[in-house]
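As written, the chain order gives the labels A, B and C, with residue 1 at the start of each chain.
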Amino acid sequence: MSSSEARRALEAILMVAEEPVDPQLLAELLELSPARVEELCADLAATWEADDRGFLLVRVAGGYRFQSHPDLAPYVERFVLHGQSARLSAAALETLAIVAYKQPVSRAQVAAIRGVNADAVMRTLQQRGYIEGVGRDPGPGQALLYGTTRLFLEKLGLDSLADLPPLADFVPGPEAVEAFERGLGVREE
Amino acid sequence: MSSSEARRALEAILMVAEEPVDPQLLAELLELSPARVEELCADLAATWEADDRGFLLVRVAGGYRFQSHPDLAPYVERFVLHGQSARLSAAALETLAIVAYKQPVSRAQVAAIRGVNADAVMRTLQQRGYIEGVGRDPGPGQALLYGTTRLFLEKLGLDSLADLPPLADFVPGPEAVEAFERGLGVREE
Amino acid sequence: MVCARRATPRRYCPRVPYEVQTTVYEGPFDLLLHLITREEVDLWEISLSGIVDAYLAEVERMGVVDLDAATEFLVIAATLVELKCRRLLPGPADVDVDEELALFEERDLLLARLLECKTFRDAGEALARLAGAAGLSHPRTAGLEPHLLELAPDLLAGVSPADLRAAYLRATQPKRPPRVDIDHVAPIRVSVRDVVDELAVSLPAQGRVTFRRLTSGLATRLDVIVRFLALLELYKQGLVELDQPSTFGELTVAWTGPATAELATVDVYEG
């Protein structure tokens, strides 16, 4: 692979990554030596810094990541306060409630209960620290199962999950909900 | 604010966004006119494309976002193993096309066009997040009406429904019509 | 957008678990489209018994009957039988003009539906090509960097455990009441009730009028039938007089009720 293609491939991967990417992993993906990847990444980081763009490529937490340039913090902070991440939508609250009451639960199960794709909402909830992966479905597919976090309990002023308000008797119990899910074919991922 | 600072601020904000960012919101955050923001973003998009980096700035689903360059898909796909959604079936695609072009549309209307029950296919499309309920038919029965979602636009790389290829492009040509007529015995050979 | 030749296979194996002549059709139009466009078969030549045999053999092999699949097949078979019956009808010389026109109308309707179906199938393939091209790019969805997360407003501020419970109940409410599905039946576009109402307004001003005149300009035979049922309804309520001097003669209608009539409840005719 030419250096220029390797650089472009690194940029592409780092652009879609949500977390810092380990250079070891990058080396495997690009079939290059780790030393070569480190060299290319350091090169890229220097180029980006010299270019004076709105973001930097930095080495952090054991990997490389694109992040906003610190001197643009005032604008980014406005975005944080007024943008997409400033509100809990009704959809997000419903999703959080399903995870809270049904945990451990997979994304597909949440999607089936809500009747709509829940991936983006689940990612946001996870990023904000309200839910987290708690295990894997033992069945085929080994879907990642989610549950709520300590932070979630703290924010709601609950001591433990047992303190969640009970669902009244007349609402569909877990068996009914499960039957509903089976009817929707949720069990398969 | 200078153009160069505005450009850098836009890049910084788009770097921390989770989904395409509405230019209207960008305009408010930067205290610029929406027209100016559109102009700057279009500028940036063109610059990034000309620079031949590993990613692009694109306008999609009514907003701007960074995304990996399509010609690097082989590398990126090695990295992004998750979220690879299964391909839609021919039946699902046909149903999706009906909803996309005829929205808002009820299940019964979709079924009438396809000639078969559309419930299972519509439910799949809804779970995948491509379509959603958008209102109720004012007529008797108050049928739920469906339309396409933002995710649909994102998945197709479209900025708005106006960017769908015109339906007229797909109307069968005279030869096909003749073949149908012959098949139905309308036209004697 | 420039698109390469479509990458997705046209055929796939849907949930319908049986195969008829090695191909599974998604509904009657799918089958018809296939027969007409790809096989170039004259419908006259299709052997229904062949399809039925293949289907029955498959059902036997499965040991279980899938109700959905069976129903779908019935719809396909019914459409084919209907078409074949049409082809078996006597030639134009033996058919009266109304019948012939009705036949042409139905053929046109079927043709229009086939064209519509083909249009959306091709549009669906175009959407798949767009999705395929767009799928080569992956979006950045990284979201806020860790130090920014601390800045972000607390999303759960003001959310109480009771709110959470309410949200759960909202989300788990059954979305659709169970019902018998009749979506595959062609919808009746006009109801008898609607036409009764319409006639009660228009007839008083028209004096004596022929049924032919009342139904001129109607698109389908179904609309004509609905209009006829509406007239019978008005007759039952004593609001119109019907007169037919001879069998198969011209039917005339005259309004005999008050200028603005109070209509009794109309029986609903189910499609």
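Note that in this section contacts are C-beta pairs under 8 Å (C-beta built on N, C-alpha and C of every residue); 3 or more make two chains touch, one makes a residue touch a chain.
Just so you know, these numbers come straight off a predicted model, no measurement behind them.
Novice: Any chance you could check whether B-C or A-C wins on number of contacting C-beta pairs?
Specialist: B-C
Novice: With centres defined from CA atoms, tell me which chain sits nearest the overall protein centre.
Specialist: Centroid comparison flags B as closest.
Novice: Just the number, please: Cα centre separation of subunit A and subunit B in whole Å.
Specialist: 23
Novice: Take the average of all CA coordinates in subunit B, do the same for subunit C, and state the distance between these two points in whole angstrom.
Specialist: The separation of the two C-alpha centroids amounts to 26 Å.
Novice: Distance between subunit A and subunit C based on Cα centroids, please, to the nearest Å.
Specialist: Chain centroid spacing, subunit A to subunit C, equals 42 Å.
Novice: Scan subunit C for residues touching two or more other chains and write them down.
Specialist: Residue numbers touching two or more other chains: 138-145, 148.
Novice: Which residues does subunit A have that touch at least 2 chains other than itself?
Specialist: If we look for residues of subunit A contacting two or more partner chains, we find 12, 15-17, 66-68, 76, 80, 85, 115, 120, 123-124.
Novice: Which residues of subunit B touch subunit A in their complex?
Specialist: Of all residues in subunit B, those touching subunit A are 7-19, 21, 25, 28-30, 52-55, 66-69, 72, 75-76, 78-80, 83, 123, 126-129, 132, 151.
Novice: Please output the residues of subunit B touching subunit C within their complex, sorted ascending.
Specialist: Spelled out, the residues of subunit B in touch with subunit C are 14-20, 55-56, 58, 60, 65-71, 73, 76, 80, 87-91, 93-98, 100-101, 107-109, 111-120, 140, 154-158, 165, 167, 169-172, 176-177, 179-186.
Novice: Using the touch definition up top, name the residues of subunit C that touch subunit B in the complex.
Specialist: The touching residues are 1, 8, 10-12, 14-15, 26-30, 32, 35-37, 40-44, 68, 71-72, 75, 79, 83, 86-87, 104, 107-108, 110-111, 113-128, 130-131, 133-145, 148, 181, 183-184, 186-187, 191.
Novice: Where on subunit C is subunit A touching in the complex?
Specialist: Those in contact with subunit A are residues 138-145, 148-149, 151-157, 159-165, 167-172, 174-175.
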